[in-house]
Amino acid sequence: MFQLRDEKDMGGCAISGIMSEEGTRFSGADIIRSIAVMHERSNGLGGGFAAYGVYPEHADRYALHIMCDHDRGVEATREYLEATFRIVHDEPIPTRQIEEIRSRPILHRYFAEVRPEIKERFYDETEEDMVVRVVMHVNADIEGAFVMSSGKNMGVFKGVGYPENIGTFFRLDEYEAHTWLAHGRFPTNTTGWWGGAHPFGLLDWAVVHNGEISSYGINRRYLANFGYHCVLRTDTEVIAYLFDLLMRKHGLPLELACKVLAARFWSQIERGDPESRELERTLRIIYGGALLNGPFSVLVGHSGGMIGLNDRTKLRPMCAARSGDMLYIASEEAAIREVCPSPDRVWMAEGGVPIVGKLRHAEATADA
Amino acid sequence: MRKWLVQPDFVVERDPERCIQCQVCVRQCANDVHSYDPEDELVSSDSATCVGCHRCATLCPTGAISIREAELEFHPNANWTAWTIRNIYKQAESGGVLLTGMGNDRPYVNYWDRMVLNASQVTNPSIDPLREPMELVTYLGRKPDQIEFDRSNGGYSVKTELATQLELQIPVMFSAMSYGSISLNASVALARAAAEAGTFANSGEGGLHRDIYPYSKNMIVQVASGRFGVDVEYLNRAAAVEIKIGQGAKPGIGGHLPAQKVDRAVSETRMIPEGTDALSPAPHHDIYSIEDLRQLIFAIKEVTHYEKPVSVKISAVHNVAAIASGCVRAGADIVAMDGLLGGTGAAPTMIRNNVGIPIAVALAAVDSRLREEGIRNRASLVVAGGFRSSADIVKAIALGADAVYIGTGALVAMGCHLCQKCYTGKCNWGIATQDPYLTKRLNPDVATRRLGNLLRGWALEIKEMLGGMGINAIESLRGNREHLRGVGLSESELEVLGIKPAGVGA
Amino acid sequence: MKTDSAKYVIIGNSTAAIGCIEGIRSVDPDRSVILVAKEPCHTYSRPLISYFLAGEIDAERMHYRPRDFYDANRVDARLGLAATRVDPEQKIVETTNGSLHFEKLLIASGGRPFVPDIPGIEASGVFTFTSWNDATVIGEYIEGNRAKRAVVVGGGLIGIKAAEALRARGLDVLVVELAGRLLPLALDAEGSRMAEESLRAAGVELECSTTVNRVLTEDGCVSGVLQGNDRTASCNLVIVAAGVVPATGLVAGSGIGVDKGILIDEGCRTSVEGIFAAGDVAQGCDALSGESRPIPIFPNAYHQGRVAGVNMAGGDASTNGTFSMNSVEVFGLPTVSVGLATASGDGYEELVHDDEASGTYRRVVLRGDRIVGALFVGDIDRAGIFTGLMRQGIDISSFKDLLLTEEFGLISLPEEYRKHVVMGEAIEV
Amino acid sequence: MKRIYAREEYCLGCRLCEINCLVKRSKSRKIIKAFRKERDSIVPGIQVEEGERVSFALQCRHCVDAPCIEACITGAMHRDSESGAIVCDEERCVGCWSCIMVCPAGAVRRGRERRVASKCDLCMGESTPVCVEGCPNEALIYEDR
């Protein structure tokens, strides 16, 4: 496994997301330009991207992006993966050699399906549960190996460096996706390391975020009740797990999940109508441990689209814009104007109110 | 009785330059320390019976009285201190058990003083509670792991039937202090203050006096081994019911309210004959095992139609984590734990000073244990035992407590001077006594106001500390040990507490 | 002859009259009030004349109410104008100068000093002592005649106050009392004894059980008196202090009911509609003895006056039980005597506390479970508590034993009455 | 009008009210000096009465129909037009003690230094009477009922 520091990541960051709600796929060139505009918000210690709809040919297989310190890690990982998965195809993740990016780890990707017999043995688990278990094991227990992403038809590309360089390095201009997330990192207390770069990915969740979660300590312990082990000690990881817990495991619709993560103040809840009052009150009472406190603006990608969410007191910047079926969300308006000079509408995100991009024909794109 | 070896604990000094012979001190001392000689027209003091409660010094209009610890020094001896020697003298004369009141006064490590809190700098903003909302509202009671809901015309409606919760405006409650051990005026003040502050007071095992009824929506009533004052009406009148298994000051020990404290009102409230000792057995004689506890919990839930949260109060002992877990699995909605420094109206000194473990470690162990077992949501944790300030409370919540019980702090707010003589029934401050001449010294209006002020002050401080940490809702601090760091603690202590040492970053 | 008229007409300018004005104005702020009084001066306090004669207070302090009293209360005060007759039929008061028509009338003409008919009584140097004028002329006479020795006829309230004043002026004084002891009406035997002691200690001579049969004169001026016991005492000043009688002259034949004084009910109404009487001229019912008799005391006068005033103005007030009470200092010895303080014998129970050492003497007279009389000599503090108990007719059986103890106080009283007094905002008395 | 009310159920019988009143009435206004030099010449306007279990502080009730005013032979005893308090004008009082004779509360005393009636004047001028201010148990309250 990577040498995981038992130190929590914190710092300022730049985030940007672009999606076509129609599911039209487009090159990564735009997102690279967009994030590059916010160069000053990063410090070269980490950058990364998440792309959705990039593997149409493997649309219904788990695309596992792995980074390894050394070949032994690659072997160990393959060995371990094969116990659960049938690996349909695997290859090194293509990269360009550019001088800004140095001491790169081994980068490899697998396209895999969960073996039927495994599904039978662990009949009480969903397929996703199995994937999560495997990812957690690799990250926690296989020395020198780390899973960057594990969703279907999506992938996370990240590393140490300025995001625009990472983008070039991973040749993202050559990929096409309907949803792109990008992150430029400004860690204040860790020397950047590839695994620690954002986005953080689990299943088809990818999270980029700017801010610091003051409630991290309890969020992490709260998640532990439900079997999530936060090995990275990044807020991003916690946010991803919370979304996974609330939406996938507890089946909360996005808006309720957001009412948990960025709950309204009791005083606001009191002012609501009886039904909403009871709903929000009950949510807060049950999910107090999941409340994200402190300043954050976060972008969450998933197979169904993209969500932008600000903390309930709006302590971090987040701007959004629409132009036709395109949705843009970024830390700064400039990052949007760079790729969409004259959008139909531009607005600032409201604290606690999610900005939702819904993919209209998710399945269509899947087998396109 | 002639006590020829026992020397006074205190020396009362009267400054003749300032004493005006007004005799206020004479009228105020229930221990007859001060007396007036009409012949000499002179007020004088006899230190022998002084308990150091400062009543006289406090009311003296000229500040003529000062009270010092008796200077009579024994030959220096690290082991045989004056305290140990005096105790032996007392027992050699009385042949009895050493009695005392209030909490443990021995110099154990106080873990609240070995933990420090965090604050935001640069990387995230601290929040100003005077400008931004800052939420202390706390709900105590059983909570499900996840919500169930229906989609209804575009919106959602809750399907989950939430168990009754106690809503606290501030995560601080008044711990169990029975009417009998304290005066009715004190009881009323606690109940009123709780009602006014939107929190709860605990009846202790003294029953519920008629004068408390108006505030019973803010009362937690206790069912203790003596079952005093317990009947269906009593259980249903309250907001919640607490089964008292143990008390921090005297784990494993019962209670004893001496007959002279059982006057008419007390006897009516406790439902026992007037002028008889009120004895609480050490154990509940219908609880010899965890499954017995489960039966009592559900008996109470049945009687109260599953409308009242049931709390189980245990004293923090070595195996507290397992015991607490057992209580939760037995059906407790709240587990209250009372630690080594917990107070009492009367306890054997040696028990009080030597039995039980510090509440901080007990809390840390229990919170972690319940989370490991995935049952932390099933019950709220309330901790008690020596909470002295808002800082202690914030630290406890960060360790994992849902709320805190304060007893001694509340009494001090009402005027208690910690003389530790509660068991004598001669409380000069009108708190731990039933003597009408003394009880009227505590004007419930004044006491209620002082308690309210204390809670208000602490609430403000808690909000300031939360804001400093960049948190604006108490649930984001609860169990958030990232905001705690240890100072001067050993590796193993840090491990038990589940916190990092100061100096280690995020 | 001219006839003025007013809503209210008041005869008299002393305590009762003032009480009446304040009573009227408490109900009726503006309707007209005319006051007639034969004394020409601004209202003054009669009990103060002895202090004036003694020189303890000046003329300014004689006044019972501030200078602007009449104006402030919108009263047309006709001072120095004597009322001569009351005509109930025509609602007219005739005066030495014209007559006044009234709707409501208060007769507060007070009392006149009783002067026994003995030879020489008309001699110069013989005075009564009930008015400011008396005090003034006595003072002048003392100065003018360098009077050295005086005889005071009567050992009652007025006599003692006169003696005190004269002593203060440096005269030798002999008090002659017909009864066997001093202050026979107010004090009992022991009380009198203590009072006599104090009197003598002040250098005043006292002779009881005797009277003055003749005033001896030298060319028209007093030179001495001949007493009933045939002893003569030389003196150059005689003050007759034999008590006062209601001054009912001006209602004679008017049809207004009169006995010793003008008869009034508890509303101070006379037998004639619209006509009221109060003070020393009136005769009401003694709440304690039940008999109808004049009670010529100061508080009573004000109280009756006020009650009359309120009723005249259409209010509804009544004298809640009047009975006699006196607070007299006999040459520095305070005494308070309330109600039937001297009563004894059948139907009465006497509680006595006599403390030679501290020089205090207390006597409480009970009838059944009620206090009907109380006498305090020496320590009079808190005597009022007893007056209150008497007024309220409180049953004292529960704390009877405590009545005369040192620690007696409101604390000893039944809780209800105690709270009423301690917490009371308006104690009805 | 505002009056002082005693809540005997909370009276400690400590007599600080008497002490504070005495100091207020002293020339020095300094407690120690007042007691050393003036104690015997001052009559406090408030007195604590104490029994077995009950105690309370008593001062002039400032009656609506005040018998002391009716009985006063000089007009010295009068009601202050502003505060409504009944006060004795010491310049006019001659010490006839008629007020003492009629006060049902026994709340008027003979002055020691001067031969004048002495009673509670509600600490004319003070916002709160010193007895109320200094009562450690708020057994004395000053309010309009």
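Read from first to last, the chains carry the letters A, B, C and D; within each, the first residue is number 1.
We take it that contacts are C-beta pairs under 8 Å (C-beta built on N, C-alpha and C of every residue); 3 or more make two chains touch, one makes a residue touch a chain.
Only a predicted model underlies this, so the values are computations on that prediction, with no experimental measurement involved.
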Separation of subunit B from subunit A in steps, with touching chains one step apart: 1
Chain at the geometric heart of the assembly (C-alpha centres): B
Where subunit A and subunit C are represented by their mean Cα positions, the distance between them in whole Å: 106
Centroid distance [mean C-alpha coordinates] between subunit C and subunit B, Å: 70
Geometric centre distance via CA averages, subunit D-subunit B, whole Å: 44
Subunit A and subunit D: spacing of chain centres that average the CA atoms, whole Å: 80
Of all residues in subunit A, the ones touching two or more other chains: none
Subunit B, residues touching no fewer than two other chains: none
Two or more partner chains touched - positions in subunit C: none
Listing of all chain pairs that touch each other, if any do: A-B, B-D, C-D
Complex contacts: residues of subunit B adjacent to subunit D: 17-18, 20-24, 27-28, 58-59, 61-62, 436-437, 440-443, 445-446
Touching residues on subunit A, where the partner in the complex is subunit B: 7-12, 188-189, 211-212, 214-218, 221-222, 224-226, 233, 249-250, 252-253, 256, 263, 265-267, 275-276, 278-279, 282-289, 291, 293-295, 312-313, 315
Subunit C-touching residues of subunit D, taken from the complex the two chains share: 3, 5-6, 8, 49-51, 54-56, 58, 61-65, 67, 70-71, 73-75, 91-92, 94-106, 108-110, 145
Sites on subunit C touched by subunit D in the complex: 19, 45, 47-48, 51, 56-57, 61, 63-65, 298-299, 302-303, 306, 325-327, 329, 334, 336, 338, 380-385, 387-389, 391-392, 409-412, 421-429
Residues of subunit D that touch subunit B when the two form their complex: 7, 9-16, 19-20, 31-32, 35-36, 53, 136-139
